[in-house]
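Labels run A, B, C, D and E following the written order; every chain starts at residue 1.
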Amino acid sequence: MMGSIIKRDWQDVRNNPGQALMTPVFFVLATLLFPLGLGTDPQLLTLAAPGLLVIAALFSSILPLETLFQADREDGTLDAILSSTGTLTFYTIGKLISHWLFCGLTLVLVAPAMAVTLGLGGYWLDVLYALLPATILLCLIGAFGSAITLGTKQGSILLALLVLPLYIPVMIFCAGAIDMIRAGESNFAPLLLLWAMAALAIPIMPLMIAAVLRFQIKT
Amino acid sequence: MITQFANPLRFQKLSRPLLWISNIGALILSLWGLYLALIGSPPDYLQSETVRIMYIHVPAAWLAMLCYSSMAFAALVFIVWKHTLAGLYIRAIAPVGATFTAICLITGSIWGYPTWGTWWVWDARLTSVLILFFLYLGVVALCDAFENRDKSLTAAAWLCLIGIVNMPIIKFSVDWWNTLHQPSSLSSFSQIAQPAIAGDMLTPLLVMAGAYLCLFATLAIIRLNNEILLRKLENARLRESRA
Amino acid sequence: MTLFTGENLASVRNGRIIFETLSFALSGGDILALTGPNGTGKTSLLRMMGGLLDYQDGTMSWDGAPVTDSPPCHWLGAENPLKAKLSLWDNLAFWYGCLHSSCPPDAAHDSTHDKDSAILHAMEAMNIAHLKDTPLRYFSTGQKRRANLARLFLHHRPLWLLDEPATGLDFETKQILIAALEQHTKSGGIAVIATHRPDLWHANQNLDMREQQQSKPEVCLHTSAARTTNV
Amino acid sequence: MMGSIIKRDWQDVRNNPGQALMTPVFFVLATLLFPLGLGTDPQLLTLAAPGLLVIAALFSSILPLETLFQADREDGTLDAILSSTGTLTFYTIGKLISHWLFCGLTLVLVAPAMAVTLGLGGYWLDVLYALLPATILLCLIGAFGSAITLGTKQGSILLALLVLPLYIPVMIFCAGAIDMIRAGESNFAPLLLLWAMAALAIPIMPLMIAAVLRFQIKT
Amino acid sequence: MTLFTGENLASVRNGRIIFETLSFALSGGDILALTGPNGTGKTSLLRMMGGLLDYQDGTMSWDGAPVTDSPPCHWLGAENPLKAKLSLWDNLAFWYGCLHSSCPPDAAHDSTHDKDSAILHAMEAMNIAHLKDTPLRYFSTGQKRRANLARLFLHHRPLWLLDEPATGLDFETKQILIAALEQHTKSGGIAVIATHRPDLWHANQNLDMREQQQSKPEVCLHTSAARTTNV
């Protein structure tokens, strides 16, 4: 079940890779906006870099959320799965995994390059370490918002308003982790916190998301 | 002329000899140009050896702009006269142009490190080229964004048309704003008589430009033929799925 | 013996009572046709049967036991749950995976155990085997519908729930489907069909949703316990 | 014609004001992210403020774009208008005006408050002056992107990728205008440029957008 | 005299030729029914008539002059162009504004010139006047459809283009629509109806789209000049 979901999404991506690459590309674009907007003072940029990087990640992880469950909802895939298997849990888990692979992991892999352009070259590995748990959390929280707003005709904006506040703690700790390393301190504490949150969310959120989807279909 | 090529089948016939010419041209010119650029030309008196990057960088930049301009023209043709070949040309060329732009960006920043002391500065020229790169990506993305293939091509064509405003910005940014990037020294042909750069640097530059041009022609013909073949394959599918 | 029963079911959709005391009893081999004008609740009832819609009151039971999630059924709604970019084979392979993950094939009905032959058999049943590798976006309306119907043959389920299956089907495909239904019911299966043309499907039971509506449409405040707290 | 479009959108907004307020609210949220993400070094924040403000405006003006023409496309309003009046130009103009009123002007009006929170308190009027032409441009460019991607199943992400590069010049000059004032110079040049671009776009873009919508319907 | 004619029109959608040499000639009082199985191009042709679809070849003319944008028509597609949040009155007022901005009412047909009475008259024609102030989201499927049909009476247009108007209509509303059509054609109007049931509408002309398809489906590379460069 989970396997076939992931496989289908993977085939879908393979048939037009552009779609899978969009999120990382948008991330790159968003990060490049900051140097353009803040002007060319490299010193200022490097100071702001950790926060900017994470904020760019936030925005770029909001955009793909809207279509996460939409297609399967509209073409009746969710109906068929729920009625013929009785549950949406495995579907949700599979969907979350593939979503993280295409919109989370890709982001993590691009991030070091962006760190270099923002003058964090020396800390690219720490950026990677910090974004790994952060993207997992962003994907889980985002998917929850996407499930809740499924079927509203309002597009991303409502979704963004719901999800952004929930993103804030993740952002603070993730930016903090990078910042502390740059300041020469140990970033053990914030990383630990991020991983703790992730460890908490990973078992719980999929079930909650599945429940929300179920409710969306059944009423 | 356009109408001569407009029929895909005739294009396939006519393009074969052209393909040979451009192939051989690309081979010879690039070998000759590389020899001149790397061995046959003197180092710059203040940039020393790094100046040789110019012979890769500048033609790439020119081709990037040429590709986009040709795409914009094709877009106009496609929107006004609905010649499928023009639409397919956009599809075929967008990735090539993106590659040339990427080469320009990469070699540029490699060159920038020794000369400007930084990989990247946010001046008008560099930014506008970066925008060009993303425009190419946008066109590529639009080319199969719709279920309906004609829609995809038309949408991509419209984007090409809008993006043309970026061309003069790239070209004249060095003159309008005071950028790190040096102004064009070949902006007019009158200057080729007494160009701002020495002849023994000009020759390899022009030869390399010729090589890039041939390479572009080769890629364009091959990719356009591929697009036509893909269309035929798709049509075969439509034919059988109609049954 | 009756296999699938529902007793005075009630459905309330955004405050409006669609039906209130609806009952049905189906035994193996039955075909139930749901008829009635638009908006009378055919789709609503069908969704209820498939566990796709909460019912405010009443009980449903399958084979004696009350239905918790959903009975062992195939759901065929108005849309086709198929991906335009994937080939027919990949689409069916996906559904094969979903169906078999929930419950294994039982020797009685699913003659073939291995995946490929099952998918091939399903495609041949709807004679679209020649489109095996064609992406769905090249299919015409009718062919998409056929591909969707092929899902019914990937894995045996005793209950088929079909919402206006005839839409978008040309004549011979209708015939194929009718034959398939006959075959299904002969082997003890049940089918419930929401349709505007009950005659087409040789239905032996007919439920006219118009009669289920109250004379004066009541509207209730509470969505739960519809029948108790009418206003 | 134009009048009835604007009136309809206005009634729509009046019936649930939440929708109209979403864009400014998101703008506020996005701006508040920066202090949280960059840490509380006020000096750094004030230096970065102009750019951050404009970037926040950029992101918040992307989100409502997706649904700009979608509803009218899907329920056949565009079909009915085109076939019974023969043109979409007036529709487009009316739609653009109401879009700017609800997603552009509101933003401009909120901006000064945000400027204060980012430590640009002294320059709130200049922020307003700079954002006025900028939002006009953002709305026109964005509407074009929204028309071009109408009917793609990809949601906002493709739209964002197309629109963001075209936004960049606007952002540079808008941020520049605020920056120069803060640096004590005259920001006449960038403001002039912004207004020039706006003056160029206002007559041309609506016609192009109408043409794109027309082709979207007719193929 | 013929009012609305099309000569060997060709339509290519997504590379597939839907029809190639289709012609029609309608004069005042005609009702043309477009029939045929799904996917044969009924909607496509109707959109073409309403100027909602490019045609790759052929010509259309209205009253002698070639059609540039679209003939003076009312378009009634499959969806209802009505806003769920707005009241019925506001919806119709919006459409009144759109229709009258393009061309003023002509004394011959539009008895009433002022807005309110025109809207009231349209609502009464479909007897939904009692729902005047109800937001559309509370309407049932059939009522939505009626509200959509009311647009036809806001402003006189000699050509009505109706795509499956019967969907979602209960019996008496169908009767109202049929009467309205009769009245429209009596006053010299034309109606083209894409339908699965030509008998229902007293159509005096019938165009079976199945016959318009070529025996062997051709597929063309060129989007323009469809008929010349097939491959």
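Keep in mind that, in the parts below, a residue touches a chain if its C-beta (ideal position, glycine included) is under 8 Å from a C-beta of that chain, and two chains touch if they have at least 3 such contacts.
Not measured: the values here are computed from a predicted model.
J.: Which chains are in contact with both subunit A and subunit B?
T.: Where subunit A and subunit B share a partner, that partner set is C, D.
J.: Fewest touch steps from subunit C to subunit D?
T.: The fewest touching-chain steps linking subunit C to subunit D number 2.
J.: Where the contacts of subunit A and subunit D overlap, which chains show up?
T.: B
J.: By mean C-alpha position, what chain is farthest away from subunit C?
T.: Ranked by distance of C-alpha centres from subunit C, the top chain is B.
J.: Give me the two chains with the most inter-chain contact pairs.
T.: Highest contact count belongs to chains A-D.
J.: Any idea how many Å lie between the Cα centroids of subunit A and subunit E?
T.: Roughly 46 Å, centre to centre.
J.: Approximately how many whole Å separate the CA-defined centres of subunit C and subunit E?
T.: Once rounded, the distance between the two centres reads 34 Å.
J.: Just the number, please: Cα centre separation of subunit B and subunit C in whole Å.
T.: 56
J.: Give me the residues of subunit E that touch two or more other chains.
T.: Residues of subunit E touching two or more partner chains: there are none.
J.: Of all residues in subunit B, which are in touch with two or more distinct other chains?
T.: Expected reply: 127, 134, 137, 141, 147-148, 150, 234, 238, 242-243.
J.: Would you pick out the residues of subunit A that each touch at least 2 other chains?
T.: Within subunit A, residues 16, 22, 25, 29, 36, 39, 71 contact more than one other chain.
J.: Pull out all the chain pairs that touch, please.
T.: Every pair of chains in contact is listed here: A-B, A-C, A-D, B-C, B-D, B-E, C-E, D-E.
J.: Contact residues on subunit E for subunit D in the complex?
T.: 47, 50-54, 68-70, 73-75, 77-83, 85-86, 90, 93-99, 101-102, 135, 151, 157, 161
J.: State the interface residues of subunit A toward subunit B in the complex, per the touch definition above.
T.: Checking each residue of subunit A against subunit B gives 16, 18, 22, 25, 29, 32, 35-36, 39-40, 42, 117.
J.: Inside the complex, what are the residues of subunit D that reach subunit B?
T.: So the residues of subunit D touching subunit B come out as 144, 148-149, 151-152, 154, 158, 161-162, 164-166, 168-169, 172, 208, 212, 215-216, 219.
J.: In their complex, what parts of subunit E are in touch with subunit B?
T.: Against subunit B, subunit E makes touches at 13-16, 217, 219-224, 229, 231.
J.: For subunit B, which residues count as touching subunit C in their complex?
T.: Residues 147, 234, 237-238, 240-243.
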